[in-house]
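First chain A sits with chain B, and in the next complex the same chain sits with chain C.
This part shows the complex of A and B:
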């Protein structure tokens, strides 16, 4: 075989790498650069002002904390439901068909519709309280509450199907004989889920967690409709700072900060998963 | 001998097909029984039903006087070895073997000792820390075997364990399996579609077809004295000759008369003659034939001979004489007593 010339190689890589550079790398760099610029006419001036404002104003710091909360909580809640659901779908054909059709419904409902559904159901005077009040059950405040429960419920409702789709897919890829072998060796269903299915489906679970976390972290519609008036997540601040106050450098700083936080949270997640994985899998060097 | 495992009227109905049609099977303690049949005969379904992985539609399974068919597989204490090895890919060899003992809450030091002993038994004590993917197929199947026997199962179940291995490895692992089972004396049920594997391993072969048991017996009995043509043809090579029957004798196509070993069997499908039972010689014999084709296999030579309108397969031990040339006239000699075959009629089962 003739060796491939470097120019040929570059040309071959161009569609993929070039696309990433043009549509992903360049905007990202621009966001970062613009977060160090002045407002309006002073666009060309290098300044730390947006970052100082962002990192010293309590409203924005609360906003950052709230953004992370609104991303972590629905991810955890969705995972808690999607994991057993995915495992149940592996049990037999009947359960696969039943849950398989059930969990797909939210897939086709847009986020804003989901948010309105939650609003109609769970707001005070909504359907749920009208059904439950005659029974003497009072619902806690779920919409526009300080913990953002309504937003968490709506995000989870939207994300559970995506997670289930990915996780059940990676669970279905596990050799059925492996599960049968575990059963003949004395493992019950829960042990199999914990010791076999979860570790083997872990790449899929990680992908699902990643997608849910990122989409919730930047979510605007759901917290805007269902979240409290204080704190506001950074995504909502970004909107108001940009479109009503025209403070774009601050918006860019917020965007950069959200991205950094996302990377940080994901690195932490990988570290935790990695340490769990170590307990069962031997270190490669020792083998 | 005491019966360890007993399967009674076991039926399995998949959506439109009946995979098992009322199977009755007794497996005595310590016996190595092989379920043999073509693919789709129900042998794997039967094994999985015994393991509890597949729920039978009807029927009972008993183990040492206790009914177990409603018991979850994890409560049966059966060891199972799969065609795909089915090792836990994320656990090393040691952890794989220890899994069943952990499920039984065995104390840690005892687990370590028993795992080490099991790995030594299968010759993998040097590989305890490897991951399954770092082992060859044969080694992986040895780990699977160690994992199944370390729990001291009441019954060992094998689902075509050698089918994914290449021929050489298959033979050596087959011998090891045989030695190990004899040594441990664990009651074993072994599913295979490979007749030589079945004959090499089993105390008893159960031949299956279309969800039913055709017949069962020791490898020698089934090979030498099969009742049914299906068995005769599935176990090794056989010639089936049509012959005129009269009482306990038959007249062969070239006029010779022979005694029938089993005259009580009526409804004949024909006479079975194993290729190695036919004598072939250039000059001496009872029937004239012509060599159509020959195949030299080293230890033996296969001939296709046409004689009196019949195509006969003849096998001679290799190295005894020169290979007979294609087109050469030969003389054949048949054994003094011949074996009659019946057609296997599937039993009428109520739908």
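This part shows the complex of A and C:
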């Protein structure tokens, strides 16, 4: 690290940080401020109306609950599948090579294509029911169902490789001597997984869980195509209230609420691990 | 790997079955079904309980090629993603350099701010920028789509480049400076070439992220300007579900992504994405 003149530092930071200030920070502040504005020509300067509407209308409260559900459920399902996959990948070097390059394909598959895959597989008359019906197995309604199962499956499908990538990376970084020592001392495979691999991979697991939760919280296209017509998540309400009804203050109140949930979850995490405020350069990314 | 070798053949078999069973069930079968939809014969139809269509045709592809919207959308997507990738790399490099090499107060605050666009749901920024751009005449323009997509790609690029630049030994820069190179030259001739793997990996990831991006492009660009992903939505979410056309468009979206993906697989030595996101 070399000391640096303030002007050089500012000039270096300007392109990236400046861009984000203008095209991310400013719109975000605008969302917050305008969530307290009135609607129509004789606009009040400051009002709580959008917030009162948002927090007292059952449709929007159900929307908030559904948004959180569509974030929690895929996160739990993805973790349930990604953990065993990551552990299996540690157990077998040869299959990891080939599997390791293929399982990531959903990472580059657009979310809308993931929704389409679920549609052709799990919708009524889809491939799954064509195969299972002759066997006497009837599938429950999975697309446009009230629990949003189709949306949860599509969102998990997209997030499992992402989680597996980060978690298996953390597991692979565990010193092999520690694992050998545990085996020598008589630990079985599950003890090693439970007592050593999972705790040591915990930062990666938490990061993967948080990012999955947050990216699912505001997803629009998947619930729009696969979700039920009621309840609708807040992201879909934001689109219809804004672009079709023009009720922007309400849209911004919803946006603020979604952002608060996302940021709140992250801050809770920081509070638990107690790392906010410290610069953790050596621990960060890649190290 | 000592642990792996001590497993019995039987365990190896179960491990492989678990891994590849998952892969077949979740990846190959669904993609195969999409392929069947893209090549089935609409004149004959494909109804339950048939698992495979009774006859095949290229009619969906004929529709796609004769549709005057789809190929322009594909070209537009390539153009937008290329510009977004280049713009992102250009904007990210100086900032990543500062984060990697300079000690300064508020560094942690800058890092958190750079991370923020990955935390705040994309739709919030997309809707707000959509309304701002509407007032500025940028809604429904290609420039508007490029500007809004860059908000999504910039954070990951800054993180990846920062991680790459932190790995460059400071002695190299100092040696160049001692030998008389001005700071700018030292950066351009030493740091930039050494950061090449980060640029490559981050660039490929950004190209993919931009190509598949839906929400921001939809809120800012539609209906006047539609990227390929937005175009696919109109076949899936519209009044009538056009399955064969949607299946064909899906392949137009997927094939470039898969090609880039396999190039990236070959070029990347370690997991840059894990490096950029493994720790929040």
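Observations on the structure shown:
By our rule, the second predicted complex is superposed on the first by the 230 of 287 C-alpha atoms of A that agree within 3 Å, B and C clash if a C-alpha of one lies under 4 Å from a C-alpha of the other, contacts with A are read in each partner's own complex, and residues count from 1 in each chain.
The rule is simple: a residue touches a chain if its C-beta (ideal position, glycine included) is under 8 Å from a C-beta of that chain, and two chains touch if they have at least 3 such contacts.
Worth saying up front: this structure is predicted, and the values here are computed from it rather than measured.
With both structures placed on the common chain, the touch criterion links A:211 to chain C but leaves chain B unconnected. With both complexes placed on chain A, chain A has more residues touched by C than by the other of chain B and chain C.
Contacts of A:200 after superposition on the shared chain: chain B is touched, whereas chain C is not.
Contacts of A:31 after superposition: chain C is touched, whereas chain B is not reached. Residue contacts after overlaying the shared chain place A:188 against chain B, while chain C stays out of touching range. Using the contact criterion defined above for the overlaid structures, shared-chain residue A:178 touches chain B, although it does not reach chain C.
In the superposed pair of complexes, A:132 makes contact with neither chain B nor chain C. Touch criterion not met for A:52: it reaches neither chain B nor chain C. Shared contact residues of chain A with chain B and chain C: 180, 183, 277, 280-281, 286-287.
Interface of chain A with chain C (complex): residues 1-4, 8-9, 11-17, 19-20, 23-25, 27-28, 30-31, 81, 84-85, 88-93, 95, 99, 101-113, 115-117, 119-121, 125, 127, 129-131, 133-134, 157, 160, 165-166, 169-170, 176, 179-180, 183, 203-204, 206-207, 210-211, 214, 217-221, 224-225, 235, 238-239, 242-243, 248, 251-252, 255-256, 258-259, 262-263, 266, 269, 276-281, 283-287.
Remark: chain A residues 175, 177-178, 180-188, 191, 195-196, 199-200, 277, 280-282, 286-287 touch chain B in the complex. Partner chain A is touched in their complex by these residues of chain C: 1-4, 6-7, 11-12, 15-16, 18-20, 22-23, 26-27, 29-31, 33-34, 37, 47-51, 90-98, 101-104, 107-108, 110-114, 116-125, 127-132, 147-148, 150-151, 154-155, 158-159, 162-163, 166-167, 170, 173-174, 183, 208, 211-212, 214-215, 218-219, 229, 232-233, 236-237, 243, 246-247, 250, 253-254, 257-258, 260-262, 265, 271, 273-280. Taken in their complex, chain B has these residues touching chain A: 48, 51-53, 72-80, 82-84, 86-92, 95, 99-100, 103-104, 129-131, 134, 144, 147-148, 151, 157.
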